[in-house]
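Chains: A, B, C and D, in written order; residue numbering restarts at 1 for each.
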Amino acid sequence: GCGGDGGSGGSAGDGKITMGFSQVGAESGWRTANTKSVQTAAEAAGVTLKFSDAQQKQENQIKAIRSYIQQKVDVIAFSPVVESGWDTVLKEAKNAAIPVILTDRAVDSKDTSLYKTFLGSDFVEEGRKAGKWLTEEFKDTKDPVNIVELQGTTGSAPANDRKAGFAEAIGTDPKFKVIASQTGDFTRAKGKEVMEAFLKANPDIDVLYAHNDDMGLGAIEAIEGAGKVPGKDIKIITIDAVKDGMQALADGKISYIVECSPLLGPQLMDLAAKAVKGESIPARVVTEETTFTQEQAKEALPSRQY
Amino acid sequence: MSVLVTGRRAVPRKYIPVLVTACLFVAMFVAGGVRYDSFATGQIVLNVFIDNAFLLVVAVGMTFVILTGGIDLSVGAVVALSTMISASLVTDQGWPPAAVIPLVLAIGAALGWAMGCIIHYFEIQPFIVTLAGMFLARGLCYTIGTDSISITDETYTALAQARVDLPGGMSVSPSVVIALVVVLVAAYVLHYTRLGRNVYATGGSEQSALLMGLPVARTKIAVYTISGFCSALGGVLLSLYMLSGYGLHAVGMELDAIAAVVIGGTLLTGGSGYLFGTVLGVLVLGLIQTIISFEGTLSSWWTKIFIGLLLLVFILLQRLISVRRRT
Amino acid sequence: MNTVLRHRLLWPAVILAALLLTNLLFTDNFFAVQMRDGHLYGSLIDIVRFGAPLILVALGMTLVIATGGIDLSVGSVVSITGALACLRISGMDDQNAVSGVVAAAGLALVLSLVLGVWNGFLVAGVGIQPIIATLILMVAGRGLAQLITDGQIITVNSGPYKLIGGGYWLTLPFGILIVLAVLALTAALTRRLALGLLIESVGGNAEASRLAGIRSRGVIIAVYTFAALCAGIAGLMISSNVSSADGNNAGLWIELDAILAVVIGGTSLAGGRFSLGGTVLGALIIQTLTTTIYSIGVPPETTLLFKALVVTVVCLLQSPAFREKVFHRRRRPVTAPPAAEEKVKVPA
Amino acid sequence: MAAPVPILRMRGISKEFPGVKALSGVDFRLLPGEVHALMGENGAGKSTLIKVLTGVYDIDAGEIELGGEKVAFASPLAAQQAGISTVYQEVNLCTNLSVAENIFIGREPRRLGRIQWGRMRRRAAELLARLELDIDVSAPLSAYSLAVQQMVAIARAVDISARVLILDEPTSSLDTGEVAQLFRVMRKLKEEGIAILFVSHFLDQVYEISDRMTILRNGRLVSEHLTSELGQVELVGKMIGRELADLEKLEGKPLARETKALMEAEDLGRAGAVEPFTLTIHEGEVVGLAGLLGSGRTEIARLLFGADHAGTGSLKIDGRPVSLRTPRAAMNHRIAFCSENRRAEGLIPDLTVRENLILALQAARGWSRPIPRRRQDELVEKYVSVLKISPANPEQLIRNLSGGNQQKVMLARWLILEPRLLILDEPTRGIDVGAKAEIQRLVASLSDGGMAVLFISAELEEVLRLSHKIGVLRDRRLVAELDNDDDLTTDVLMETIASGARA
């Protein structure tokens, strides 16, 4: 709960909200869907959206936020590229009495009054969900379970957290062994290439855990190329649930997907309207996310938007 | 070999490209002011400085290297490494900034020095040596840690949030002051000291410089050391800007720095160019960014296309006007 | 001449061999190549197959660098062609129609030619420095690719298209065959015909070449076009390999790898002499290094350190000055004249 | 003369390059207060001797003593610090820097570490004025012709107060006036007790200035003599190892006016380079251009070849108007141009002798019609032997050839094109006496065969010997066109140049 007093009145006088939104980039289909969702929701809510793309660079985001302050927007929303390093610019926003909403990723600032709320998923939790399903699935086997992991871009927040959450969930049981772990840069091509190398170096892999669908989809091709059957010989767990991933899940090639929903737009516009009016809003809003098994995927597939 | 009739024009011909660049920059700024509300303010220009102080410092170092005909691809990684070392020492180890900052600067300079030595004594192309340096510095970042580390130290925070007030309600950050001091010192070195002139001579023709009895070895090693130092200083400024250390900071900054230098009219083959051009180059890149964020309606891909287009128009005009003037 | 050539490629070859042997320590039967379903299968084949796009891009880059230029836009061209081809194919009623796939690929390659001419025009026609001229397309091109794909990954399901980058023909991966064909074509154009001489001459001394009557403008436009075409083919291969086009990530940073391959192969970034064989070796070294990292399980955090180490060793070994200074001194201690450092310093 | 205690002594110097033994066991001494000429054919090892002395190359064997102390310089810098100041054969200056800087770089006048630009420019102007050169010292060196650059290099070397001054072919592009000026300076330095090492292929100059000479042949020492004790004929004999067949005087040719006009330039000009001029070149005619340094000879040549765009006037070939926008267009009309600046505008240093030699022919044929290797080898073999290019290995990189041999390759590049008009700008720069005679004979015989030649040389005798007609330039203006009849002598030419009057 943060006090939205005096300061917000002036700029929102005409009732039409101007929002500055700084996106990380367009590095994946997921991200594009996220952008689209924000844009369409803004239009639907009658919010004037100032959009900028940071091309994965924090400095660009800071610049964008600074320029939003300069342009005197009513509310600023952004998906931080990385957790730390936002204090200075957020303080400037606070001084200018512009409320800030974080989407998708959190910041690690100690001073929580710098932003109104954080709307988004919890990457660590996603990793945990993936790990939990795995322990469930293999709870009856006594043999060691050989896991290979395709990490996201080295150092990126989702890669770090999804790895940590997964490790936490399987950590207690010695039969789960991560025998190889390498970055696939969140891309299909890399996912395929790395998986081929894994398959050559390790003859018996039981499970693949990929930090996103795309790498998983690339890996499927590698597995098929090596003459194995994805989903049977090697169980595959991925995160995101984009359409191609869901299709593969429905086809039985992927075994389990943890959803990470990009459709934050409507929720964001809601929160923004409240923030501008000065109404109190919860400090943490978790997006509604679920997990999919193969059966659930078949059901959900026809209505998937992205 | 075209002929120059000297003394015909008040402005020496060698300054024309830089002047053209400066005029174009002003034109771009005016165009922005016409198109967007609350654009044509002094603070916008100052913000460009604030947001690009670190790039400016890095580009200064890069200018030295490019003037000798070399190239330094390691700068972005060294910037990241400096932020990472600063953050981990200050936050995790509790070192005082007064000890950390000199250490970081020394590490950057030492890295540059080592690359310079390899380039000169083993006669290996700068591209490949500094690329290895880039891998090394980024690799070192990840060995320190893959997460980003916040800097909460008071000195850093105070420095980061301090503003130097200027008349007219405008202000700049201390980083801008530091960057401008670096620019002035570097311009002095390039223009008024032997080292600076040796840099130009080496870039003009390394063999000639050698035969003229110039200390080519010292000069070449010096420019990479300077570049390493500037990158480290850029890293310190970036850690002030971001208040964090992170292995993925400044990805691709080497390209921005090179682009800034070259847009400023410096020849990549060495021996010709001015530091003032580099400052303009950085400002142009920064202003393009600002225009993009004021435009505010561009999708991610249109952003890229638009940046490319602005760059193209700028370079084309710069080129065409300079050529027209010359003939 | 022959001995010189052999000499120049000796060290890259030694390094490649050493890297391959390192793998043997970690993966038994690393060198085994088997026949599986009528395809050749094995790590060695994989290295060439995955390296194929890089080899292609590096071949084009070699010629550009030989003229004293550089092409940063190849990565963007890779993503644009892949995107365009996949867009066309995904819009077809029957994705398996060969003629449609050929038309789509052809269209994409034509686009890459246009982009190459554009680069060449900026460099040779307008006189912009190559690094900036191609930077423009590097930045805008990726936007263009995303514009084509609308920011999404376009997945296609086309057998004929899959063949380009992921299929087999005559037991060999089709990609390898493409590389061989392009390599043969390049070698023929540059070494059989006189293009190589003209390129080397333009890169060695542009003004002297002009005065010798070489149309350097044409030569420069040609090499940029060729580089873009190579990148275009590589783009088709990369997107076909995963049956999808990723406007943002396809070919990301491939320009850096390609330049590195060229430089490792012994071509100077200053222009002049070039070596196609060296470039192929260079690209193979890079790809082997990547594969090695995966297969010996270097953790992702230390991958870059490992790369730095290998690249440093590679370039040190390749440097005649280094070999001279480190190995030579020991070999002729008695009759040697005082080495540079020990020379008498004469006061001024 | 002072007691002969050598300031510099080299003993048993050997230097081997891959495949070439450039020096073997050469002894050399240099006395203070003496001008010592180092003589030898192209590729004899003169420049190499100078380079090993000044630390550009390591020596394989032998020792060097300077002022009685054993030395081995790690770099030209060290040599310079020890008091050896050198002008190397190719002009080795930084053309991107200003003239003043090129003279003073490394020794700039400073106060508190700050370079004093004003003082530097003033001193540079003074220094050049002493060599009677009046140019804008703050302009970049690249704005000036090679001859001016050579003067600047000399000015730089002369100003470094040294014990030893080495001049490797400093006069190859200079005309008589400049040479005289240089010699005046050299004499003054000599009187100050400085030892001067001088290399030149102009025998007259050598005899005028030197006190002593050392002769090299094929990297070996032949002998050392006092100049006064060795006649020209003997000298040449010692240099080339046999008697030189006397240069038969190319007797006065019938004037070539009767033949068809090949190229007519009318009011052709280019602002800032050369004033509009009118010149006709007939088939089989050798037209010489004479003028002082910077008088615009090179500019005329470049305009006629399309290397620069003409601002005014028109050009006709075979009576038909043409516009030469590029060198390539000129080559299509079978015009060839051999530039005076072989390093910047001629050589492709990374390519071999063979490749450099066939380059223009290949360019003319286009990329798709390679010259068959056998034909290449024939051509190369022919010209290597005609011009005595050494080493005779066509696969040697051209940058490893001696300066004179590089020049021969440049000439051969254009000769194999068999052009109708051959423009030669200082073609005999740095070429030894034997080969020079050979080249002159070649030019004469080619023009007999119908080829027109535009011949530019700083050496007036040479111009006079070869040309049917001589154009005289002064201050970038073609002031006179003289028929080469019996009345025309170098003196008349000099006078025309000086007075600018039409004869």
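Keep in mind that, in the parts below, a residue touches a chain if its C-beta (ideal position, glycine included) is under 8 Å from a C-beta of that chain, and two chains touch if they have at least 3 such contacts.
Everything quoted here is computed from the prediction, not taken from an experiment.
Touching chain B and chain C together: A, D. Taking the mean Cα position of each chain as its centre, D sits at the greatest distance from chain C.
The interface with the greater number of C-beta contacts, when C-D is set against A-C, is C-D.
Taking each chain's centre as the mean of its C-alpha atoms, chain B lies 43 Å from chain D. Distance between chain centres (mean CA atoms), chain A to chain B: 33 Å. Residue numbers of chain C whose C-beta contacts span two or more other chains: 146, 151, 300-301, 303. Looking at chain D, one finds that residues 81, 345 touch two or more other chains. In chain B, the residues touching two or more other chains are 142, 146, 299-301, 303-304.
Of all possible chain pairings, those that touch are A-B, A-C, B-C, B-D, C-D.
The part of chain C that touches chain D in the complex is made up of residues 1, 192-195, 197-198, 200-201, 204-205, 207-215, 219, 272-273, 337-338, 340-341, 343-348. Residues 37-38, 43-44, 47, 50-51, 54, 141-142, 146-152, 157, 160-161, 238, 241-244, 246-252, 289-290, 292-294, 296-301, 303-304 of chain B touch chain A in their complex.
Contacts from chain B toward chain D in the complex involve residues 1-7, 12, 14, 191-194, 197-198, 200-201, 203-205, 207-215, 217, 271-272.
Those residues of chain C lying in contact with chain B across their complex are 68, 72, 126-133, 135-137, 139-147, 151, 247, 256, 259-260, 263-264, 268-270, 300-308, 311-312, 315-316, 318-322, 325. Listed in rising order, the residues of chain C touching chain A in the complex are 26-27, 36-37, 43, 46, 50, 146, 150-153, 155, 166, 238, 241-244, 246, 248-250, 252, 290-291, 293-297, 299-301, 303.
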